[in-house]
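Everything below concerns the one structure shown next.
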Amino acid sequence: MTDEKKKAMNRLQTMYPLRALIDEMYKRSVEAGKAGKPTAWCMVNWWEGDPIVKAMGMETVYPENYGAACAATGAAQAYLDRSDSDGFPTHMCGYARNCIGYTARMMELGEIPPEAPMGGMTKPMLLVGAGTLCDARYKWFQVLGRYLDAPVWMLEIPHPGVREFMMEGVSEHNIKFIVEELREFVTFLERLVGRKMDWDKLEEITDDIIAINRLWFEINELRKVRPCPMHSRDFWTCMNASLYPSGDLKVSLDLYRKMYDEVKSRVDNKIGSVADEKYRLVFAELPPWHSLRFFDQLAERGWNFVIESWAYHPPKPIDLSKVSDPLERIARHTYQWLTGYFENAFNAGEYWGYFAYPYLEYAKDYKCDGAFLHPLLTCRTATNHLMLVHDRLMKKLNVPSLVVEGDIVDLKLFDPVDAMRKAETFEEIMDHYKKVRREKGFDW
Amino acid sequence: MAWFMGIDIGSGTSKGVITKDGKPKAYHLLPSGVNYKAVAQKLRQELLAKVDLSPKDISYTVVTGHGAGSIPFGNQQVADIRCCARGINSIFPSVRTVIDIQGMSSQVIRLNEEGQVTNFAVSERCAAGSGRFLEIIANVLRIDLKDIGSLSLRSKHPVAFTTGCAVFGESEAISRVSEGISKEDIVAGAHKALANKISTLLDRVGLEKDCAISGGGGLNTGLIKSVEEKLGIQLLVPPHPQFITALGAAIIAEERQNHQKG
Amino acid sequence: MDGGGRIHARVVSHTGAEHRRLANKVMEEVLEQANLPFDEISYIIATGYGRMNVPFADRQITELSCHTKGVVSLYPNVRIAIDIGGQDAKGLKISDGKLIDFVMNDKCAAGTGRFLEVIASALGLKVEDLGSISLKSTNKVNISSTCTVFAQQEVISRLSEGAPLEDIVAGLHDAIASRVVKMVKRLKVEPDVVFTGGVAKNVGMVKTMKDNLGCEVSVPEDPLLTGAIGAAILGKEITLKAMAKGEFIPRKERRLEEVTFFK
Amino acid sequence: MSVKNRNKGLTRVREIYQDRSCRVKELKAEGKKVMGYFCIYSVLEMMTALDLVPYRILGDIREPITKADACLPTVVCPFVRSCLDLALKGKYDFLDGVVFGHVCDVGEKTAHIWNIYLNPPYFHFIDTPHTVHKAAVGQHKELLKEFKKTLEAFTEKKITAVGLKKAIKAHNQQRALVRELYELRKPDPPLISGIEALQVMVALVSLPVEEGNELLEQVISEVKQRKDGPQKKPVRLLVWGSIIDDTSLIEMIERLDANLVMDDTCVGSRAYWSGVELTKDPLDGLAYRYLVQLKCPRTFREVTFGETKKDYMADLEGRFGYLRDYAKEWNAKGVILQSVRYCDIHGYEVPGVKDYLDHVGLPNIYIEHSYTEAALAPLRTRVQAFLETLG
């Protein structure tokens, strides 16, 4: 990257300490492993299981994040090849194949592979699966049984964006279900770790997570203004402390506070995250971790990414202070995440379908000129609905979408030259629809 | 007396056009070969020779296409999709949809009356959606690519290509041959399969008339026929369809020039 | 091949689209070479892609079984046989002379001889020359595209960026080898490894395969014929077995005229 | 008796197989409501109890997918794309409603897309849980209560306990009859071919349950008597994997030197092996059967679940042991593992199934197909070679 390229995108200073938390997460779990302390690999579970595992004193890492890390450092290819030659179909989730390949190699060596980025993931005592949102996340930890003797606990949760959940009484039995699930989980962990749950600690951790998410939500609300003060790249870097709540949560909370202040001061001083904001875009779904520099090139052309995948975002804040049982507080917090983004759709009597509606709200609230859709050749879940998003944004809001195929891990599947050619053309399209929206009386 | 140049370095062939007052004055085409830089220079020389000009007579040059990045001259680089839209617009102002079939990909482009792109869809990274598919089929059947269109027109019962992939298509063609099915029926089937691909691209961006075809595919009578049958419409076929993108580049060159002036 | 397993005639000919006519032609040639009347042939086995289109064959057997036979006859200790042809690539796992497992790729031209053919023609090179060119390479270019079609595009742009031809060609060889080896690894590779098929004639490929497998590979002097040899052996075995039992062997009529496709 | 009369049942089966909707369209004309359902997790009994005609949504391997690409990406299960494609082409317009379970990601997204683009008069999505915890079964029952509500609102009728039990009996009878039919595949040669068996199964998901049962009884009795059954072949095979709703794959296999004698595939035996227990509250039996007893890889199921130590082989034994039993009872010498391309839930299962089958010494081969006839041609060589290794 040349210097003026660096200048095109204006990264937040408060992002760097938050980014550092990730390295610490891996370091801590490796040390815990060495010290024979309990460790777990977790699927992102949207705070359903995290506080419980944490309260039981387990150090956690998140193989999905590790997939991104391996992709970013170029280590992924060897692990993908390994899973491939072990007979797993190549269309399967890149994160999963990376994790399978890594595990196979680690168990073969009997130690963390020397080439493993971030110091590697230590052999876990427990695998916490969470099927939320995607089949892969139900299946992949079970598959690791081929290589690991670590037991799997599968967290179950109702699915987001289901209209039937708006029927009377349904939400309550859904919550009841989650709470029952979590109770079973606690008893299991007590048996596994040979220690009783410290309920006060659980309550404290839960509240810290809720506080972190509330603050993180407020930060992203600030991005609605012109010019947008925070680019998706900063979001993707900083979401970790919310999505992977490991380590000292008080520290994370404090870092988010500092971040809020920086973003707020940018808003007050009309400082944008790209030098000259010409186009505001919403991104869906998972970014090409191996090619993030692509966004710097787009920043030079005045593209600002002002909002992204709702599934990475915290729940819309609700008051849970009256909920006494910490397990129920956890359940309601996560349930709010998986229903909150759809309520307006259903209340408006519109049927949108899971994943599509939030982008409509985003495009409106964040005044987007276009959507950048990134279909993944190895991830059905983040891809299935993109045609629908494309179609609805145009029909309802005259907001065009740019579709660029790629992958989260396998960089062979992303072609920056071709992407740039499409992007340049897309500018003309965004200009065109800006006119159209004006004619039709939209306010952006 | 302002002259403008558009250079389109495709992965297969390189095309150049010189225009004056928005009208093409010279066309030239060369195989791209392996050295884009060299071919671009050669292309420019021969173009200039045709209208008997020297490089300094050209007021503005726009370069585009797969190899545009490695062209040593030219005032600006523009994405081929935009050039294609402008090019077709300069010939058929009534066109709102253009089907551009190139060697390596196909694209369907929607444009407004000013020739601005309003939507587009590019075939996926799969040769099945491009002219390359026909090349592959021609190659495996050992027929000359230029005969493939006319050959297909002779087909009575085109085979159904159910696969969506060129390489599948290849093995499918082989298994059809081994079942004793005639070359014309297979070729016609290949054309139909490509026509299907194109119509799904069209489903994404929507078809608004008039609709034109450009790119190398515009030279293939068999393909034009099967696309027309599939869509149930008449396609406008410009003169020199393979030059439309280069022409558009020259037109944009003209616009940029005037824009800079005033 | 005679009852003693001696080979009397061998013909290799390029398969066009017209399998059936070709089968007749090849048969004529091979009979002429061996200078035998057609009726003298006790048993005929057809194998390979076009096996269904050999009207005079007494039986069709897949190339996988035939290759196994052929390779085993030449290398009794073979455990893994890798065959890369113009249409597909196969890995055979063999245990005391029997095929016990296999992998194959015929979905995609990448990882087959076709890959080299297509790209050689794009570069205006002869396929035969690719091997020697690749050996000149000092640092091979990594070809990222999997699909042949896009690899071709990639190769052209690499060249236009001024990468030396030999490094690119070496990169292409490596691309195929790594793809095939990745596939074959599913069989848990162990020596002896034998490499056959048209691509095995390419010295560059043989080298790259060794490098990618990390072990020696043997190549028969006529790597294109192993399938046919295997078919002949199987034919011989069937005949001798039947003769031993004194059974009658059902045979197709020995006719070489154009036959229309059976339906 | 003429051949036609002797094989009256099978002839009817073929009629329905070739024109699946012929019967339900007649019934619709008589005023019945036809309810399309996707996959085997939609509780049929509840529809039958309201005199609705459940009709399974299937794809068409012969119809090139053109319309669906506008609303579903091409890198997803081609079977699902085909189903949606047919719907977008109006081939499912006769449906009065559709029911989707949360079977897999693509199925779930397609449910929403179907609802948005086709806007059926009735639509219900059951968010079928993915685990078999006690809590999950309770949750499933709650979900079935909601399903009941929307069905009753749509038909303006009530599901009575009596009516529901009657429906459960009818469907249990169908399951029993299917198992009886599969018994006829145990002799060597089997009395009914894999192709015929699949045609019967496709017919069953295209008819009201009672008519299906009559047809089954007829087919079973005539198959027992007939003399023109399948030939003896050197190899007997078991097939496992994702949906097979078209005979072409089976035809490819049986044209070679093998008889397909047993399956664990969708449309095949998978949906019929377990019956519904008649519990005091019928919903309990239904909730349990449709979540716990249906064995599709879409459900997370681990024998060692809740244990603090993991035992891989015990886990495989628990998950795939039934395949060994099938092979034993139907005397299958080899197993064909097949999956439609991009099917994640089966994809993750493959190495485990292979590990298990290798462990118990059952030769097996995995083939992946792209739900097109053409893609079968290259597979033929694999299957034939596999047979040659068995013979």
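Order of writing sets the labels: A, B, C and D. Residues in every chain begin at 1.
By definition in this document, a contact is a pair of C-beta atoms (placed from the backbone, for glycine too) under 8 Å apart; a residue touches a chain by one contact, two chains touch by 3 or more.
The model shown is predicted, which means the values in this text are computed figures rather than measured ones.
Enquirer: Tell me which chains count as touching both chain B and chain C.
Expert: Joint contacts, listed by label: A, D.
Enquirer: Relative to chain A, which chain has the most distant C-alpha mean position?
Expert: Between chain A and every other chain, the largest centroid distance is to C.
Enquirer: Could you quickly compare B-D and A-C and let me know which has more C-beta contacts?
Expert: Looking at contacts between chains, B-D has the larger number.
Enquirer: Roughly how many whole angstrom separate the Cα centroids of chain A and chain C?
Expert: Roughly 48 Å separates the two chain centres.
Enquirer: List the centre-to-centre spacing of chain A and chain B in whole Å, with centres computed as mean CA coordinates.
Expert: Here chain A and chain B have centroids separated by 40 Å.
Enquirer: If you average the Cα atoms of chain A and of chain D to get two centres, how far apart are those centres in Å?
Expert: Centre separation, chain A to chain D: 35 Å.
Enquirer: I need the residues of chain A touching at least two other chains; which ones are they?
Expert: 86-87, 387
Enquirer: If a residue has to touch 2 or more other chains to count, which residues of chain B qualify?
Expert: 124-125, 168, 171, 204
Enquirer: Which residues does chain C have that touch at least 2 chains other than itself?
Expert: In chain C, 49, 106-107 touch at least two other chains.
Enquirer: Please give the residue numbers of chain A that touch chain C in the complex, ascending.
Expert: 81, 84-87, 411-412
Enquirer: For chain C, which residues are in contact with chain B within the complex?
Expert: On the chain C side, the touching residues are 16-20, 49-50, 52-53, 87, 106-110, 114, 118, 123, 147-150, 153, 156-157, 159-161, 260-261.
Enquirer: Which residues of chain A touch chain B in their complex?
Expert: 387, 400, 403, 405, 413, 415, 417, 421-422, 424-425, 428-429, 431-433
Enquirer: Using the touch definition up top, name the residues of chain C that touch chain D in the complex.
Expert: For this pair, the touching residues of chain C are 49, 61-65, 88, 98-102, 104, 106-107.
Enquirer: Can you list the residues on chain D that touch chain C in the complex?
Expert: Answer in residue numbers: 378, 381-382, 384-385, 388-389.
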